[in-house]
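Here chain A shows up in two complexes: once beside chain B, once beside chain C.
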Partner chain A sequence: MTAAGSAGAGAGTGADAGAGGAGVAVRTEGGGVAPYRSQLPPARDGFLRLLHAEFTKLRSVGRWLLTLLAGAVVTVLVSLVSAGGSDAVTSGDGGGGGGSGAAAARVADSFRFVHRPLAGDGSITARVTDLTTGADTDAPWAKAGVIVKAGTEPGSPYVALMRTYEHGVRLQHGFEHDVAGGAVAGDAPVWLRLTREGDRLTGYVSVDEGTPANGGTPASEGVAGGGEGVAGGGGERWREVGSVSVAGLPETARAGLFVAAPETVRQERSFGSLDIGTGPSEATGVFDHVRLAGGSGNGGGDGGDAAWRDEAVGPASGPAAANGPAGGAERSGGTFTVTGSGDIGPLPPAADLTWMSLAGAQVGLIAFAALGVLFITAEYRRGMIRTTFTAAPRRGRVLVAKGAVLAAVAFAAGLAAAVVSFLVGQRALRSGGHRPPQFPEVSLTDGAVLRAVVGTGLLLALVALFALALGALLRHTAAAVTIVVVLFVLPLVLGGGLPLGAVEWLFRVTPVAGFGVQSTTPRYEQVETVCVPEDGCMPQGPWAGLGVLAVWAAVALALAVWRLRRRDA
Partner chain B sequence: MAASEATIEVRDLRKHFGPVAAVDGLSFTVVPGQVTGFVGPNGAGKSTTMRIVLGLDAPDAGSALIGGLPYGALRRPLQHVGAALDAAAVHPGRRGRDHLLWLAHSHGLPAGRVDELLEQVGLAGAGRRRAGGYSLGMRQRLGIAAALLGDPPVLLFDEPVNGLDPEGIRWIRGFLRRLAAQGRAVLVSSHLMSELEDTADHLVVIGRGRLVADTPVAALLAAASDSRVALQTGARERAMTVLSAAGATVAATGRESLTVAGLPAERVAELLGAEAVPFSGLAAHRASLEEAYMELTRGEAEFAAVPEGEGPR
Partner chain C sequence: MREGRRGTVPDAGAAAAAGPAAGRAVGRRGVRRERGPGAGFDGLRAAGRAARAEWTKLRTVPGTWWLLLAVAAVTAAVGAGAVSGLSTAHCPPAGCREDVVRTSLSGVWAGQAAVAVFASLAVTAEYGTGTIRTTLTAVPARLRVLAAKAAVVGAAVLVAGGAGAWGALLAGRALVPVGFAPYDLGAGPVLRAGFGSALYLALVALLALGVGTALRDTAGSVAACLAVLYASPLVAGMLSDPEWVERLQRYGPASAGLAVQSTVGTDGLPIGPWAGLGVLAAWAAAALAAGGAVLRSRDA
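And now, the complex of A and B:
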């Protein structure tokens, strides 16, 4: 027995090969030998060991590393090609934004403005009795209302309260901010009131019909004194739409009536062809019971009718733009009829340059998917999965460890590819004519760009993870790769051929939704833009889109774990 | 000694694949200190049994325990059981050393242990080459190295001799014997009994998923040899008549040779002498393991559709 023990002690030190002769000698009577006892220190187990083992597997197959590299390189090259092949169409009617100054942000600020000075605190009240758009135009965001603005310079601060053609009452300011103030029934007249107290402006709305009962002073929000010569002039019950604080309004601002009608956007798609049309538009608003209360800049008294000035703010637009100033205003008695074009609001970039410079991921993902599938199916194909499961019998943990290692490596490669794609893609786009102001500079450090670039790394990691799960479920390389490619590439290809509604649905529920994270164009509810998913206008927010892909990956992985535990290896 | 962790206990194991019973009520025990041959024709259920022992396949009924525990309950399995199931189960694009390295990492074993084993199995020079370029023999060695990585007291080898050249076969026989001599339980499967000659101490023979024999090799050989006598004679017909009359089973194995079963050699000589039947040679037959195996499995239709020496011609 002791002899057997010493033979055992020799193991693990390279002495096995020489132990043969001694081995025969220690055989005892009856064939009994002392059971073997290893002299190796006890091994360690745990999830970290599994991660280490799986990482060793991943890095030790040269072809897999090449696949990963290919995925990154293809991502960069395709991004570069697609960015380089896109020439900017720099047309003159870039939206009429602030061409006037360096400070001009990408905003639209063009409308018909009938105004008077408003010194200090006060309010402007008007009843909008009618809002009509031009004959052939469909302008749901045509608007007419009251506005307090720093001046007539485009881009200057303002707060506007309006009724819109199809979107009810809105309170807007700062070109980006939009508060919904409730729907308006049909052609019912709408009372609008905007009051200024220092930097704070508050909008009220009243939809009372009939003759105002209390002489124009709402019971709750009376504006004392300063009565205009206009009869009536107020609703019965005022409801607050919102209150905003605006910096930059001078002591004496301009207050008055405005009408604007943004360009109409029409997109239709029937098989194979996308039909996008934008057209000028025009709207006419009819106001009465117009009353400016407070200082008029000339002593606080009644400024008189002569004080109303009619002006077109911003560059000309609209149907008559080519022939001269758009719109106009007429006054007959207490009724103002104002016709205008243009819009007051944000002007999204004409194209999502970040999206364009990351387009290569749509092709590069195939390599990431292939790697994900191979990482598991290669083991099944050779029977190596049995070695894996004998080393780690808890199969679910094995797959999770595999997924974690794969996702981390794919993320690193995907992130690197995305950063390079963005940098070279931007350069190509700039030299292709995409220049400010129409295409503003974007930088890696911009929040949205950073989100898109990091998101691309996450996207590719999730693709690999999803592919891994499919590989584990199907145990067949070609089948799993095909499914991933179909799920990702088909919507992208079909995108050009299906009706818009179907495409949006596809981009909402299929894994392709993940590409939403690459989108950096802000979406504003109050602005209609040309929006097709292939160009980066995804139906969901960036993280929501990536979340859809993550759900796909998580569900597939959970199914794979479940299956792995039940089936024989 | 009985409660050693160096044992494999298979009890009433059953496993069906569809309507086919791959393993059908199998029970046996593999004890430490000897090489146990696990023999049966292809499809007898050897690999399935081994997979169940390793927790890869789930049995329909029964149990397979290693040192009293099911495989899944082993905390660090590679230190309890080493297995080499399929020599091809290596990614061809991975270096041999890396194949062992990931296994080592899964148990937190040092890289030095990997190099040590490459040395032991004679792959020290090939460890940095891709496994795709390995010969079958080299892959067998790599598989054996993987099995030994955790220095386990229980070892399972599925057809380890497959694809080895004669020198490799000699090497692996010695290797298996040394492992057993160290006190490990070594289970080696084969579909050819001759491969286990001079290697196995004990045999577990199965056919169609059932146990056919569970016996020490020495006893099996003795039993098979005892009953047979090889006889050389020019008077074959007369010898057959005489010996049959005395109650022996006689089979012609050549024009001038007979095999006599049922009578000891001295009695055969005595009978032939009494009847003056001439014979040129008489020897108690020393059965080869292969013959003992055939003897043992004579009744199993699957093994021998036409019993030896009793054919229709």
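And now, the complex of A and C:
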């Protein structure tokens, strides 16, 4: 159509004039006076022109641009305040500070370790007959099992096969990797075997009542050394859990039994707020039929009883080890009773710095929502919508064009705001004491950070889109703005005072879920974390969260198109 | 200056004020006659007439009643939902210290959004439709118009908010789960919380009215009000520095004002119940002052 073309030509005089020109152009078209006529069929050239017309409207209304600018500025300012007003809370735990791998990635590596040297290839086998947790301990990830580790210094490479309190058998290594090995029925004893062949370690499990075939330890034998040499292990009733290749294990590693119990996470509600605290925890594992097999320099099996060493690995981590018993091991005959606390696994950073420096979007979205609503309701208010629809009678396409233009502009502004927020926020955070040893430095080029920053732009674009759809549905500026803002802000405001389950549900299903994209804290299944949305831990993954918001926007937009076509303008 | 001192004949003004308003909203009834040409030139009477004109305008717009209903219903419903969602699962061993009254009244967080819309519309709708010019022709003393609007809007919200707050308290008392102490509706702190919440909403209305008068635009006013009301708890939630958090809770309009809902441990609050409401009142006064200044100095 020529309509949109003349709308573009009339841009200089403002939006009203622009679309007014569009209406006139249609009429001149009918009169046959039109000096210019596009040779393209209308159906094909229509949409681009529509986009152009809508963009002209958007950029020629000063107040809207001001709103957009306000949204970006508020985002940056609130981010700055949020980052600048936060002191680094130096929590007591130093994590695995001393270890070799700990410098790069913070890990938890503290547990009770009963071990002997294992030279070369070999295997360690044990039956875990019981795993109990201490009083006041709530640790579903309390674990007891067998482990092969480079040494006793924290952070060194390891492979562990364990029975957990509530999560069945697990094979873990490298602090981050976790393989599920099936559930454990009640209190049934579990046979565990970890076999080393070079750098490859394989975990086997058996839950048979009796002695597993081929290489099981007869009950009468008690603790035996590596006399039998059953490095291969795998009998019929042994089931392989997993096989992993681990670099960095020395020729002579330490193999043995371990028990760990992560800190008890306690939530307390009082005076309308939710406090998350940690408490000490301990677990006790009972092992028998312990046998270390193979190993070239490990001939002294029978005499090796004295060689079992009991040691607490790692620093006292947090209040758990400081307050609780340090653990210990007892041995009577072939039965080891090991008590310990701590955890072997990844230690998520104490604070999500990226989240903190992008927090301004929570307030800035209000301006984006206002812009989105105004972009359509202002047309109804001024009656311009009739001109628009005269020029482009296919209403659905008009709304889609509006949405595309608005989303693109909002994304650009939101992305710019997010980048600036991140840069100034990081600077403020660093001067507030968030420095590398405890808070690793983050940069824009990190994958997760880039995702969060770009995601913030997408988030703000989706907010504007959702607002546009609501504005088209309701045709009432104040109502639409209020509903969008309340939908986004109320869960954030009330979040602290509601039960955790309700909060999680809210952050899963309401549009607020979109904020998940700002979260950069890695999450691990094998670490119990309490997700407090205020701290940047959302119940969903980043893209899933943004997807929820996108679904809201898409549904609202579809409803708006449907209603637009059925109702007089 | 522009109030037009020469044109100030209050009686004529009041009559005209009722006239166009009724004509706009009631339509068929046409111009209503104001009773008797009162000889009194006292400002009180003029103010009364201006208030009456405002009330006529307000009550004849259907949106008013829907919004006031929304204020009461949302306040009560969200509060009831919050109370029934309470669980003892995360109480400290010593027992639950939850402020159930405050939880019952948490619907005010949502209800205030409807209040902001209502109070903003009370003035921005006039700018949208051009009625403001008629209004100011009828009552040229502009500040009097604003005062009349403030009185009428504030009173309407006070009543609706009171209904919502007490509905929430009644529902909350009925729904309070086992393990939490039910409260006595007649107890001093509960009375303070209930009436204080109504006052809070009325002050929010005055704040929104002031912002609306200053901005003259529905969307801008609503967005600005919501930002002002919700920003302080949002930002407070982001900060970890307790000093900053306390500062925000002490001077943010919503956080400070809602201190009036506390019935337990009021000594430990960043700001006392009535002092908090005072902070909000200061915000509202500042907004009204800004609105009044704009109203006086700018063409309508």
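The rule we apply is simple: the second predicted complex is superposed on the first by the 466 of 569 C-alpha atoms of A that agree within 3 Å, B and C clash if a C-alpha of one lies under 4 Å from a C-alpha of the other, contacts with A are read in each partner's own complex, and residues count from 1 in each chain.
To be clear about the criterion, a residue touches a chain if its C-beta (ideal position, glycine included) is under 8 Å from a C-beta of that chain, and two chains touch if they have at least 3 such contacts.
The structure displayed is predicted, hence computed values, not measured ones.
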Practice task
Mind working out whether A:36 is in touch with chain B, chain C, both or neither, as first, second, both or neither?
Solution key: first
Practice task
In the overlay, answer first, second, both or neither for which of chain B and chain C A:185 touches.
Solution key: neither
Exercise for the section: May I ask you to decide whether A:384 touches chain B, chain C, both, or neither, giving the answer as first, second, both or neither? Expected result: first
Practice task
Considering only touches as defined above, state whether A:247 meets chain B (first), chain C (second), both or neither.
Solution key: neither
Exercise for the section: Have a look at where A:482 lands relative to chain B and chain C in the superposition and call it first, second, both or neither. Expected result: second
Exercise for the section: Please work out whether A:493 is in contact with chain B alone, chain C alone, both, or neither, and reply first, second, both or neither. Expected result: second
Practice task
List the residues of chain A that touch chain B in one complex and chain C in the other.
Solution key: 63
Problem - Sites on chain A touched by chain C in the complex - result: 63, 67, 74, 78, 81-82, 85-87, 89, 267-272, 274, 351, 356, 359, 362-363, 366-367, 369-370, 373-374, 377, 381, 477-479, 481-482, 485-486, 489-490, 492-502, 534
Handout entry: chain C residues touching chain A - in the complex, by the definition given at the top
Key = 82, 85-87, 89-92, 96-99, 102-103, 106, 109-110, 113-114, 116-117, 120-121, 124, 128, 217-220, 222-223, 226-227, 230-231, 233-235, 237-241, 244-245, 264-265, 268
Problem - chain B to chain A touching residues, read off their complex - result: 1, 4-7, 32-34, 51, 54-58, 71-72, 74-79, 81, 83, 85-86, 88-95, 98-99, 101-103, 105-109, 113, 116, 119-120, 146, 148, 150-153, 174-175, 177-185, 201-202, 216
Practice task
Within their complex, state which residues of chain A touch chain B.
Solution key: 4, 7-8, 10-14, 16-17, 19-20, 22-24, 26-27, 31-40, 42-45, 49-50, 52-57, 60-64, 378-379, 382-384, 386-387, 389-394, 568-569
